[in-house]
Each structure stands twice: as structure tokens, then as C-alpha cells.
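Should a chain be cited, it is by its letter among A, B, C and D, assigned in written order, with residues numbered from 1 in that chain.
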Amino acid sequence: MSDAVVRPDLDGAAHRDRHAADAAHHGPPTGFWRRHVFSLDHKVIGRQYLDLALVAVTTGMILSWLMRIHLAWPAQAIPGLDKLSPNGAANGVISPEYYLSLMTMHGTIMVFFVLTTAPFAGFGNFILPIQVGAEDMAFPRFNMMSFWVTALAFVVLLASFFVADGPAISGWTAYAPLSAVGKDAGPGLALGQTLWAVSIAIFCVGQLLGSLNFIATTLDLRTKGMTLARLPYSTWAWFITSVIGLIAFSVLLPACILLILDRVAGTSFFIPGGLVLSDRLQPHSGGSPILWQHLFWFFGHPEVYIAILPGFGIVSTILPAMTRKPLLGPRVFIGCLVAIGFLSYMVWGHHMFLSGMNPLSATLFSVPTLIITIPATVTTLLWIGTIYGSRLRFTTASLFCLGFVSVFVSGGLSGFFLAQPSIDTYLHGTYFVVGHFHFVMGVASMFGIFAGTYFWFPKMYGRMMNETLGRWHFWLSFVGVYCIFMPMHWLGLAGNVRRYAAFTDDYMKPMVPLHRFITVAALFTGAVQLLFFINLFWSRRRGAIAPENPWEATSLEWTTASPPVHDNFGGRHPVVHHGPNEYGVAGALGRDYVMQDSPESLPVRA
Amino acid sequence: MHTKHIASLTLIAAAAVVTTGALRHPGPRAGSISGTVTYTGTMPKMKVIDMAKEPSCAAQHKSPVMTESAVAGPNNSLEDVVVYISAGDQGSAPATTAVRYDQRGCQYVPHVALVQVDQPVEIYNDDKTSHNIHPLAKTNAEWNKSQPPGAPPLKETFGKAEFIPVKCNIHPWMHGYFAVLNTSHATQSGEDGSFSLKGLPPGKYTVTAWHERFGTQSQEVTVGSGDTPKVNFTFKATPY
Amino acid sequence: MGKLFAAVVTIITLVSAAIFAMHVWWLPPDISVLGSGIDKQLEETMAATGVMFVAAQLLLALFVWRSGDANPLRALRTFPGGAIPMVAAAIVIVGAEVLVLTLVGSKVWASIYMTPPDPGSLRIDVQAGQFAYYFRYAGPDGRFGAIAPEKIDEANENYFGLDPANDTTARDDIVAATLEVPVNKPVALTLHSKDVGHSFYVPELRLQQDFVPGIVVPIHFTATKTGKYELVCTQLCGLGHYNMRAYVEVVTEPEFEQWLQDHASE
Amino acid sequence: MPVRPAARGHEHPTAPSTGVWVAVATITMSFAAYTSAMVVRQGTSGDWLHFRLPSILWLNTVLIVASSVALELGRRNHARGGTAAEGGVLTLPGPVSLTTRWIDVTLASGILFLAGQLVAWRQLAGEGLFLATNPSSAFFYVLTALHGLHLLGGLAGLLYVRRRLRRGPAVAAGPALGAGALYWHFMAVLWLYLLTLLVVRL
């Protein structure tokens, strides 16, 4: 590592020549396709990822609307839906199997194509290379492939909406053998399920290529003086996330390949013998459903952190800029990130407490699961401590950071219950779990994405977003998500089972009114997101022209033009003298901050 | 398709024969085949269906509901046997009126539905619970759709002749059959095991009887003008 | 803006906390011997996390209020002691919490899953399949007949794949769609699945356990209150998942004996 | 070493080797997953069928090891006391023609190896052992197929390196060659691992 940190700068004719050659070789491309479609420019690719995520999140949100409407009013016809799926929604009324399709697609789209692409691949691609002072990613071609492979995966997934008996219905966890045996298990488990597995396999490839780039770029392409200790916290988070992703997706990929083989090639990796579905004895034998669960959750739990850690980084980058105070305990914070990344690989079993696993191992899995809350708590306290006694600037970005902290606390604490096998015995598979993970990985990382958007939009598009719209967007969303997901914890305590298309059991019927409340809240909160869309599209064209450094932040992206030129620094190679945390100091020109590349000797604390 | 054409052609032919014949002497009168279906050996014991899972259905039945895979009548008669013309059919008009198939009290009514190829089947859910209809077809296309309470009837057709088992996964005891046949000359044996196939023009026929557990039997019958030949079928019953 | 944020967060926090504390939505009454342990564990966790929840949210609200809308020239104040007290607090409070929860919790867990069932328990074989449960009692001979998947014939009520023709031990097996158990008598279940993954969840028994295809999972419980309860499936199993249920009838010993006689097969 | 501040990745001295190291980690991880799947699956039920591996695998092993050696010789020749990737002072590379010849040898034996693997498949199929016949045969096909796939990637990479050597400046191709060699050696090691695994398990 250290040798990579400080490199002798033996500049010389040879070098300058080669650099000239580079410039010639890497001038901005002129053709339309290379500029906007198959671009090698990390900034374009980052925006492409974010646009993909935007499409995906819209789809996923509409799916959740349909689900919520069905749960509240099961017989309600939805006009036009029968056009999309004549089978699933005859006369526009969602059938139970179609509900499960919507649920599976919602989960898959949100987890893979939104929470993984937007905060990690999207912002990471655009910002990370600039923050380390590089002209681009280490492997631009892989970077481009990474995006287009991911886009392909998305198309394959959506295609399953148009196959005869609809998309997969086995949930985003696709538990075998339900996901493996094929059509005898019911509608959605024929071609739809195969497309699901293929799509996820492709997605893994895309993310592996992406992670590879992030790691190589962070390690090798840091500009002079950008020691690891001086990396901005967002880059730290993206770097650790890509390490986690590398391990996680390289395990999910094999799992998907084996699943596909079970489905199409007649192998029996996950399918035991003697299964009788729809009066038909299945031809498989000897497979292990638990094997799928192990492989899936070995990926699945770290995936939760892949979704949330970039949010950590974004918040820790934005909060200091908005509080005009250095982040409290930066080294501790990074230590926590590393600890979480490490622990995230020792806890997957807590998803399988009730899978008939050896009870002893259940206890063994529960310990690290509870321990991982310690670094999480520390980071939360660090944010709160950073806010203490600060000069908080209430921009939309900072509001979403505050919201992030609040919902992360709420969602994180409900994890205490599920981490204990004894309580999980009661709550497992109820809405308590749904409320928990939507808060802690769904809404929290969503708020991280929003904060990042409002913060970096000026850099990405050269125009400011509208703050008034932004604030309305925050306040309504903030209250909205609490109205949606807090009640789910209550439902769970009352034993309301998740993944039900309707609540026909005697003891669940009384809970329907609360579900109606949640549905109304969900429709409202979803509608509120229109403010965000309007703001996005309006500001891209009409927003006020953004200065280089609108937030008076310290990291390198704020030393570039808004938006940055093709090679980010216009041939200049910034030299870093300071960490990203120099806020609330006596800087030059009466500034209260010092930028990372500003030459002045280390500033004095104010 | 193709069978339809043949059918219509033969119809025309038959019509022609009749008219020309009518000029000379009164034409041939249609005959009918009737008989009874009985069994030998020990019948399997029908079991009581436990509907505890679905109170709304259990409540609809005063007396305990029995399985229907082999139903015996007085003096060894066998019920629900499908008897049909498997060969020699001189033309069946394609049926247009829909066959009604009910899910009532978590049972299929009728247990076996006689359906002609391409004849619409309307499946109703009369219960207060969800059903899923899953015809385990082999030559026809297999499908599996759920039908929540109050949902409109499903309208389906089957393009090929086949005895299709129908099941409901939500209520595993629910089993029935769609007997999809190429002919309109088909019937089922009644409680006394009797059946009769009417309106058969003179000719040589193969009559086939099908039972979901005991298999199929066929007999050659020749029907003269206005004849009413008797044909009896006897199945060998096994307890398990 | 700072005051507004503080106010909103405080309201959300207090309302949520109140609804939890007042048990507006809460667990149904516990009817099992081991359930009380779980309830106690849950109550303790609820108390501990409740305190942390309120504390953290209100702290956030307070700091935001104090730092917001202030004179931009006001001197910054770093948190007393910097990051160290934070880390200490987290490790001490959460760490202790974790320690306690793990120790107590694993005891409860062990009492349910690591202790073998009482040798005198009533043995019942439970089969889950799309989308119904069936329960098998050994019958007078006290022995379960062998089961063979290829023998399964739902049209004729042979859900387990018994072979009464050749297997004499199978002839007296009682198969029912209701889980009928005597009160205050230990019951040992063996769970196996006919097709895909399912789960056994009776909230009142505080009992939830997956059916894993290919393996037989044993669980045991003792019901302490007579009555009719619902058993539902919590493991996604297909289009009828939400409709997969059975009833658990806890009855007195004589009632149970009567029930066995009524259901005795040939 | 010819250090330039962070710049375009594929021009950068150390990025290629870092990239390959990361790739190596990834591939190792995924094959670890397959291995554990194999162990679990074999332990799950007693239907595991043991069979004799096609003898041609040994020949293939020789081939891939040979290819690895050849590539190393090529790399050494190009390096002549250290490439840019290895740090140290910049020195003139050995004759490009020799390097490319070694690379050609590598490519040839690599392709032969893949052909040999196909022959092995045909032999198994001849014995009636197909993908779905038994978990053991399934794992054999899956593992060999995936290794072959990764090796194809290596072939493509070497072709790219070869092109850059010819187009010159040859010195600039040094890091790429080093990275390619690293990947190729890893493929050989991975095969040796898989072979032992298969020998032990099947």
C-alpha cells in the first residue's frame, strides 16, 4: 500500500511527450455513440447508471403501489392493468399469483437495480475518480461493459412481465426448490423464474466488473499526495463497498448458474428427491435446498451493506460541509466501515434461524449479528456528535442527511429483535421484518441517494436544483416513510405474516384497516416523489448556473468546472496537501475551510 | 379445425342421402344405444373428506363429504362412467353452448364434465374462498389460475381430445375431470349405472366406456334403422 | 428549520414509542409452556431498544435545534471529548446490551430448540404441501406406517403416500386436517414437506419453524390453554401461500381420546 | 519507474496488475463457492457416484503447465531485468519477435488444452455420464466448463497484448504482458487445484 501512496515524480521529456500523446489519444470523443451511448467516460457512465436507477425505481415504486392497493382492497380493479397482464390481472383485478409476481419484481428491482446501482455504481462512477484526482477509471472499457451488462440484466428481468404465465413469484430470495422445480410449482415458476435467474447472473458480472474498476482506481490512480488517510469518506465507503461487492457477487453468480442448471439441464443441486408437486413426482433427487439458502445469504446479507455503506459515505461527506465542522472521529468512522464490511460476512446465517439449522450455529450467528450493531451505533453517534454545536446549513442535502440518521436509527434498532433467535422465532416472516429492512436499507439508502443527488447535481449538470421543491420533497417524504414503515413493526408484533396476497385468516382480518392506512401513506409518499422528478428535469434545463464549489466543500471534485471537462482536470494534475475534513478552520481569503489541493500550509483550528 | 371440416362434409353427405332416400321410401330412423355399467370385485372404500382447513366450505355440507373417484350404485352399478362413441361417429355438430363447471363447497360439480373439443367451458367459483384451477393436461396446454371469491367465471376451451384431471392446489382434496371428446354422442352412467346414447344414424359404432380408476373398455355395435341395441360394461374393481 | 425538524422528529418518536408502549398492537396471549420466556425476552429487548430509540432521536432533534438558525458567526463547539465518549458509550451500552441479550436469549432459544422432547410426548407427523397441512397420528399400534412419495394420491385422501394394502402399520394411522392436541401434554412434531419450503407458525404457541424439503425437522411444545388457534404458513410457497392454513385445537384429555376414536380408520 | 500522476488506466504502470490481482481474488472466491457447494452437496445425500476421470486430463495438465512456462519465458525475455510493472529502472526490452513467439506457443498450447477438455467431455458422454446424470458428473462439467471459459478470457487478453507488442511502443506493453502472464499462471494453478479436487472427490 504505502509504496503506492507516495510516488517519486521523475517528470521528464519522455513523460511530457507521452502525456501529449495521451491528450491526443484521449481527447473527448466526437461521435454520438461514443459520446452518449457507449461512452468510456466515467462521468457519462455514472449518469447512465443513475438514469437506469431512475427508471428502475419508478418501476419498482409503481409495483409497490399496485401491491399496496391489492392488500388494502383485494377486489379493486386497476384500469389498464389487464392490458399489461391479461392472465395475472384479468379485468384489472390482481390475482394472488400476480401479487407475488409484483412482490418478487419489486424486491429484485429495488435491491439490485436501485439500491446497488444508484448509490454505488452511479455516484461512485461519477465522483470517485474525481475525488482521487484521476482522469477516469482504471479500465474504462470494463466500466462501459459494466453498465451495459447491467442494463441488459434489467431488460431480461423486465422481459419476464411479457411471458405467458408472468414473472417469477418466488420472492427476491428465490428459495429452492420452489424456484428450481419449474412449472409444476405453479404460475410464474416456468420461463419467468428462469429469466429471473439469468438476469441476476448477468447482473453479477456487471457489478464484478464495476467493483474491479473501483478498487483498481482507488489503489492506483490516486493523484500525488492523495494518501489513503486523505481520501474523502465517500470514496472510502465506495472502496469498501466494492470490496464487499466483489466477494458477494462472486458467490451469487455461481449460485445462479447452479440454479439455472437445475431448471433447464435437469441437475439436482438444490432439489431433493421424492417431491410431489401437482400430483407429479419430480425427477430430481438428492439436492439440498439449504445449500441455496447458504449461498444466497452469504451474498444477501453483505448486499444489505452494499446498499447502505455508500449512504454512510455520502452522509459523512455532506454533513461536515453543511455543519461547517469536521466530521467527528474520521479515523474511527473509517474503522467502523471496515469493521462492518468484515462482520457482514459472518452473519448471513441469521436469515436461516428457522431453516432447521443446528440450533447451536444459530446462536453462533446471532453473536456477530448483534456485535455488528456496535460499529453501526458508533457511526450514528459520530454523525450526531458532528451536528452538536455546529452552524448547520439547512439545504435539502443536509435535511436528507438528518433524515438518513433518523430512519437509520429507527430501522437499526428493530434489528436487535430479529438478531436474537428466540425473538426471531416469533417475528421471522412477519411484517416486522418488512418494516425493519425497508427502514434500514431501503429508506435509509434512498435518503442517502437523495442527499447525494441534491449535493452533487450542480457538479453533474452544471445547474443548481430548486431548494424550495427540494425541501417540500424532504418533509413530505420524511413523514411519509414513517407512516408507511413504522406501523409495519406493529403488524409484525401482532403476528401479521408477510408475502400474503390477502389476509383471510381470522386473526389477521382485524389488521386490514392498518394496512389501508399504510396503503394511503404509500400512495401519498409515492406521489410526493413527483416533486423530485420535476425538480430533476426542470433543473437540468432551467436551474440556476452552478458555481465551481456551491457548498464550500473541500474535496477535489469541487476544484473542477461544473460539470467537469472530459478529462476532469483539463490536463492539470492536482496535488493534494490536506485531508477532506478541514472545516471550521481559518483558511485563506477568510474562508472557514481549506480545500484538499490548496497549497497553504496546514491551517490552524479556529 | 380439420375434424370440424370432416364433420360438416359428412353432415352434408348424410343430408343428401336422406333427401334422395326420402323420394322412394321413408328414410332410415335414428337408433340409440343403451345399457348399464357394473363392476365385479371389491370396490375401494371411499373416504371422508376432511375440510377442516376451509370452514366456509365445511359449513356447506350437512353430511360428511366422500371422495368420488369410484362411486357405486344399487346392485353393483357403477356411476360417473363416461360412455361415448369412439369410432363410427357419423358427424357431431361442434357444440357452441358453454359447459358450466362449478366449484361449490370445495367440490367440483360435476365431478366429471363432458366437453367437446373446442367447446367453451365456464368455470365458476361459488365459494367464499379462493380456488385455483389446474387442469393437468398432457396433450392440451396445461394452465393454472387462481380464482378468488367473487371473481368472474374463467372461460376456457380445449383443442384436443383428452381426459384431463383437474385439481385445486389450495384444497388438495378437490379433484375432477374434463372429458374432452371428439364426439357429441357421449353420456355418463347414472346412479343405477344406466346410460343411453340417442340419435345415432344406422351404422357400425365403437362404444367406449371410461372410468377414472378402472380404465377403458370398448365394444363394437351395429345400429340398424331405429334399432335400440343394448350394451353392458363390467369393470373389475380393486380395493386399493 | 432546525426547530421544525426537532419538532417533527420529537412528535414521530413519541407517538411511535407510545403506541409500542401501550401495546396497541401486540402479541396474542401466550398459550405455551415455553412462550413466556420469549415474551420476557421480547419485553426486555423492547424496553432497552425503546430507551435507545427515544434517546438517540431526541438527541438528534436537540442538537439540530441548537445548531440550526443560529448566528453564522457563533463559535463552533466540538463534542466534549471528541469521538472517544461516543465509542465508549456505544461499546458499553450496546455491548452490555448485546451481552445480556445473547446470554438470556440463547438460554430461551436453547430451552425451545436444544432440549429434547419429553419421552412421553404425543408424537404427531406433520406434512406440509401446496397448500395445506396434514397431520398423522400413529393410531392404536403406536407405530407410523412408512411413507412413499409415489404412493401419494390426493384424489383418494392418501396425502402421505401410505400403503395400507401391504403395510399393516399404516392401516391404523389417523390422518387429519386439524392439529388436535390434548392440553398440558407435551407434543413432539416431526415436520416434513411434500413439495417446496413451508413453515409452521402458531403465534399463540410462540412457535415458528420452516419445513425444509428433503429433511425432517423435529419440534416440540406443550399447550396450556384449550381453544382453537390458527396455524399459518410463513415461508413463501406459491400462489396459494396466503391461503395455506390449518387449525390447532387444544382440547382436554378425554375430548382428545374421543376425537381419536371418531377418526380411527379401518 | 516512469511515474505519471494518475491517468488513463490502461496506460498506467500498476493498474493492470492490480486489476488482475482483483480478478484473481474474485475467481478464487467463486471457485471457493463451487467447492463448498460440492462438499455440501456430496454430504447431503448418498447418491454421489464416483467415476474414473478421463485419462486425457493428465495430458491437458501437462499442456497448460507448459503454456504457463512458455509465457513466463516470454515475459522474462521482454522484461530483461524488470518491467515497468515491477518498478525499478526502465530498461530496453528483449527482442519483440522472441516475446511474441513465446506468446504464440502459449496460445497454441492453451487452445490444445481446451480441445483436450472437449475430448474429455466426449469420453465421459461416451460412458453415459452427462451433466444431469449425477451430482458428481454435474460438478465435473460445471467446473471444467467455467475454467475453460476463464481461460478463453485469458486467450483474448494475450491476443490483445500480442497486438500491442507488435504495434509498439513495445515497452508500453510491458505492464499488460505482466498482467496477462499473472492471469495465465493463475489459470494454470486454478486448474491444478480443480484437478486435485476432482481426483479427491470423484
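Note that in this section a contact is a pair of C-beta atoms (placed from the backbone, for glycine too) under 8 Å apart; a residue touches a chain by one contact, two chains touch by 3 or more.
Every value quoted in this text rests on a predicted model; they were computed, and no experiment measured them.
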Spelling it out: a chain qualifies if it touches subunit B and also touches subunit C; which chains qualify? A
What chain lies closest to the overall centre, CA atoms only? A
Considering A-D alongside A-B, which chain pair is linked by more C-beta pairs in contact? A-D
Dist(centroid_CA(subunit A), centroid_CA(subunit B)) in Å evaluates to 57
Between subunit C and subunit D, what is the separation of their C-alpha centroids in Å? 50
Determine the centre-to-centre distance between subunit A and subunit D, using the mean Cα coordinates as centres, and give it in whole Å. 33
Please tell me the distance, in whole Å, between the geometric centres of subunit B and subunit D computed from their C-alpha atoms. 65
For subunit C, jot down the residues that touch at least 2 other chains. 129-130, 154-155, 214, 238-240, 243, 245
Multi-chain contact residues (two or more partners), subunit A: 95-97, 186-187, 272-273, 278-279, 287-288, 290, 502, 504
Would you pick out the residues of subunit B that each touch at least 2 other chains? 129-130, 132, 144, 146, 165, 167, 169
Quick one: which chain pairs are touching? A-B, A-C, A-D, B-C
Complex contact set, residues of subunit A against subunit B: 74-75, 87, 90-91, 93, 95-97, 165, 183, 186-187, 278-280, 502, 504
Going by the contact rule at the top, pick out the subunit D residues touching subunit A in the complex. 2-12, 14-15, 18-19, 22-23, 25-27, 29-30, 33-34, 36-37, 40-41, 44-47, 87, 131-132, 135, 138, 142, 146
Considering only the defined contacts, which subunit B positions touch subunit A in the complex? 129-130, 132, 134, 136, 142-146, 148, 150-152, 165, 167, 169
Sort out for me which residues of subunit C touch subunit A in the complex. 1-2, 5, 8-9, 12, 16, 19-20, 24-28, 37-38, 41-42, 45-46, 48-49, 52-53, 56-57, 59-60, 63-64, 66-70, 72, 74-79, 82-84, 86-87, 89-91, 93-95, 97-98, 101-102, 105-106, 108-110, 112-114, 129-130, 149-150, 152, 154-155, 161, 194-197, 199, 201, 203, 206-210, 212-215, 217, 230, 232-243, 245
Using the touch definition up top, name the residues of subunit A that touch subunit D in the complex. 3-4, 7-10, 14-15, 18-19, 22, 25-26, 132-142, 208, 211-212, 215-217, 219-224, 246-247, 250-251, 253-255, 257-258, 261, 265-269, 272-273, 285-288, 290-291, 294-295, 298, 573
